[in-house]
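Please go over the structures that come below.
Each of the next two complexes has subunit A plus one more chain, namely subunit B in the first and subunit C in the second.
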Partner chain A sequence: MRTFFKLTSISIQGQLYYKTSFFINLLTPIVLLAGQYLLWTALYAEAGSEVIGGMAREEMYAYILISFALGNLIGWSGENMLAREIRSGTVVARCVRPAAFLVQSVAEMSGVILIQGVVNLAIVLTGFLCFGRYLIMPSVPAAGWFIPCLFLAVMLRIMLIDVFSLLCFFTTGYLGLAWTRNALFEFFSGAMIPVVMFPEWLRTFAYATPFPYMLQVPSALLLGQELPVSIPMIFVVQGAWLIVFMFLHGGIYGLARRNMTIAGG
Partner chain B sequence: MIRADDLRKVYRVNVKKTGLKGAFENLFRSEWIEKNAVDGISFHMKEGGALACIGENGAGKSTLIKMMIGILTPTAGDVRVFGQNPREGGRKYLREIGVVFGQKSNLWTDIPVIESYQAVKTLYRLDERQFRQNFDKITQLLSLEQILPVPARKLSLGQRMRADIGMVFLHGPRLLFLDEPTIGLDINVKHTIRTFLRKMNQEEGTGIFLTSHDLDDIDEICDDTIVLSKGKLIYDGTLENLKHRFVRDRMIQVVGEKSGDIHALLPGASVTKEGRITKIVYPIGEYTSAQVLEAVSRCFNIEDITIQEPDIDDVVSRIFGGEERV
Partner chain C sequence: MLAIIKIFLKMKEQYIKTEMEYTANFWMMLLSGVVTRIVSMAAPFVIYSNIPDIAGWKRDEIYLIMSFLFIAEGLCSVLFQGIWEMPGMVFHGRFDCILSRPVSPLFQVLSYGMGLQGISVFLTGAVCLPLFLGRLELLSVRSAFMSLFYIVCGTVLCMSIYLLGNSVVFWFDAGGKTALPFTMSSIGQYARYPLALYPKAVRILLLFLIPYGFICVVPVEILRGSVSFLWCVLPAVVSLGFFLLARAVFYRGIRHYESMGM
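Moving on, here comes the complex of A and B:
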């Protein structure tokens, strides 16, 4: 664990070193939050109703706030650290450190998430404190379930980024991979539109993927909204997807080690 | 320390067709060829030795290193380092070796160098005494004091390489793999690094496996050499032997007034004069050193005389230029 914490602390130090870049990366996602708020305000006004797709306005505003906090835990720069290292070949340094490759990735991204997580938590708390009367409030038992669910959701997100980044060993198109991953995550996780608003066939499909368990499901759990499975089953599904991602990591990294042409062939 | 037996690495390489038509065809049809990056190499390096690996670009040097450090799986053959398979050695093995790729830094780029060094202490589980002892020695020998508080991203190439080399010695590796460590460096930094590496090899017994295109690196650091060409091992022996086996000419440089006709005594030699310095290049198959020295002493009022050692650059350029068959 000392290795993990040291690598996490290095990741945090790296982010804090350049002040301007740090603040820009930290605060620009707020624009997205404002955009989401304005979009849904307009949609509710257009619909002339307080309920759209089974979600009341105060439910939606709370959902936007929570899903923003979960969706923006890792910025573009943090998401693509490993991919950039692989493309530039500097990943070779990771390969020769006496720490598991996966541990290094998770530790590094944990550092990114910790910093952004604190800021996002402050934004969420401010949102609930200032605009609580326009939002539905989470219950204490829901918050208790939410914490382990959030932990697993974050781990799933880290593993998703890790696995997509490892594919950069086999293609030069890391931007394409990053956009594909982002598109899949944004759409199927419920970051853009809550999954409960999808047509039934698409909702069924979405729940068969790991994406809603990274964002929609933890948000819904916290806000007491409709869940695709029972609460214990949520943890089972999240755990199962984590195992799948770990196998994918092992398989892809193993393949990369057979044809690693970084740092000279 | 290192034993490679019939080691092979075959890469699958995608061959792209040329031209506009070819570019479209490439979208739907892939052609793959197999490239023997390392082709049946066998060699041995003794404990605490310093072995140079020479080869032109694409000869397989980096691939060989990657297999020996365990990040690349060989296609066939066997490699053992400290008697174990590097692929199976895991973290324990990685704690016994050090690796420097000249063009890729091992430092964390956005934090001060000293923080990277502190991370090494944790990653390699060094106790404070062991860390401090190595740290002080490295800082002094590589003159790192000034650059420790600076993030790697802001270092010059020479500073970065000194910091990288220093970092790799913090955990006291038994064996060090260096892939072109002095590439792009100025002469002072090269000298500092070579001196440091030689000292660590001779005084601390750290084994060194070095690849470099700078043959002065090899001359100053290593005793033994392997030469690779197109993935095959074409020479394995001492550096001295390599030089003497392929040197055809030797040069004597004389300072002093000419008092006789050297051409008459050494008709097979070529003589050039630059001011008061005369350079005599003679074929070693035709004349012995004693014959040449006697001729020189008869034809010059000698003020100074230098016998030039065979130059490794000449040897290697001959080997790879196809003049020599090994």
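Moving on, here comes the complex of A and C:
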């Protein structure tokens, strides 16, 4: 664990070095949050109803706030650190360090997520404190289930990013991979629009992917909304997807390692 | 002028040849352009499956707005990708090369590199535009020429917004990255929906401060015939104005450039 925490702390230092960039990076998700709020406020006004797609206005505002915090845990530069190293060849340093490749990857992204997580938590708490009467409040038992679900959701997100980044060994570029991953995540996780609002066939399809278990399901669990499976089954499904991603990591990294050519080696 | 365009196209030709050497990446970039745009089109699909009407706009009209945006973003990516390379160039001192060549620095930056995903983003927009014009019964020779005109204006405007945002790198050291243009681009995404939906402050923001409204919403408003004649020329005026502003900021920024290690 010492290695893990050391790597996490190095990652945090790296994130905080360029302060202007760091603060602008914090601003971008807030802009997106404001956009979501404005859009849904206008849509509820247009619909002339307090309920759209089975979601009441207070539910939607609370969902926007929670999903913003979960969806923006990691920014563009943080999620592409590994991919950039693969592209530039500096990934070789990871291969020679006395720590497992996956541990390094998880530690580094944890550092990024910790900082953004603290900021997002502050925004969510401020949101609930200042605008609580316009939002539905999570119950204490729901919050109790939410914490382990959130932990698994974050791990799933890290593994998704890791597996997509490893594909960079084969494509040699990461932009296409990162954009595709983000587009799929944003839509199927419910970051853009809650999955419960999807038409039946699309919702069934979305729940067959790991994406809703990274955002929609933890948010719904916290807010006491409709869940695709029972609470214990949520943890089982999240755990199962984690195992799938770990196998994918092992397979892709093994393949890449066998074919890796290191300049000067 | 013809010689400059020839050099510009020759450079793009070389970039596409280089990029095609990496086959997997080439196809992945094209795929990502299509996937990201299809996913963003899925959002109105879901919204309209729950709400029949948004501020008097039909779903196909929203797709028409998106088509204009996709074409402008796609063309910008293919033709002017170099703008996004500026932060890296400045941080690593590669901007020295730009300044030492006997060609306009702005021309060199614009012609540098090529965004492969832009090809598929542009094609997605180019397929959707006539399709949704037809579905809305707006397809005619007049609307085709007007669309072409607004695409040119939108592309210049999109390029100017990117240039303005990325020129900030001359003033702020951020390790070869800058988040401001991404923030501006994120704000611009609000313009995927009719501006009438938003409060007045946001409408002013999207029309005159980060004028994405003129790239996509205003052209559709004009084609629908829901705005006065004055609005028909405004996209061209705003595009030209923003280009001149971005150019001025870029050259002012160059004065701040201190070579390697700024």
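We take it that the second predicted complex is superposed on the first by the 261 of 265 C-alpha atoms of A that agree within 3 Å, B and C clash if a C-alpha of one lies under 4 Å from a C-alpha of the other, contacts with A are read in each partner's own complex, and residues count from 1 in each chain.
Keep in mind that, in the parts below, a residue touches a chain if its C-beta (ideal position, glycine included) is under 8 Å from a C-beta of that chain, and two chains touch if they have at least 3 such contacts.
Predicted, not measured: the structure shown is a model, and the values here were computed from it.
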item	value
First, second, both or neither for A:17, with subunit B first and subunit C second	both
Subunit B versus subunit C as contact partner of A:257, first or second or both or neither	first
Contacts of A:95 with subunit B and subunit C, given as first, second, both or neither	first
Partner chain in contact with A:2 - subunit B first, subunit C second, else both or neither	first
Which partner, subunit B or subunit C, touches more subunit A residues	C
Overlapping contact positions on subunit A, where the subunit C interface meets the subunit B interface	17-18
Subunit A-touching residues of subunit B, taken from the complex the two chains share	11-12, 35, 37, 58, 61-63, 66, 69, 71-73, 91-92, 94-95, 97, 99, 101, 103-111, 115, 118-119, 122-124, 151, 179
Parts of subunit C lying in touch with subunit A, wherever the complex brings them together	22, 24-25, 28-33, 35-36, 39-40, 42-43, 46-47, 49-51, 53-55, 116-117, 172-175, 177-180, 182-183, 186-187, 189-190, 193, 197-199, 202
In the complex, subunit A residues that touch subunit C	17-18, 20-21, 24-25, 27-28, 31-32, 35, 38-39, 42-43, 46-47, 52-53, 75-77, 170-173, 175-177, 179-180, 182-184, 186-187, 192-193, 197-199, 202
Touching residues (chain side subunit A, partner subunit B) in the complex	2-3, 6-7, 10, 13-15, 17-18, 89-90, 92-93, 95-100, 257-265
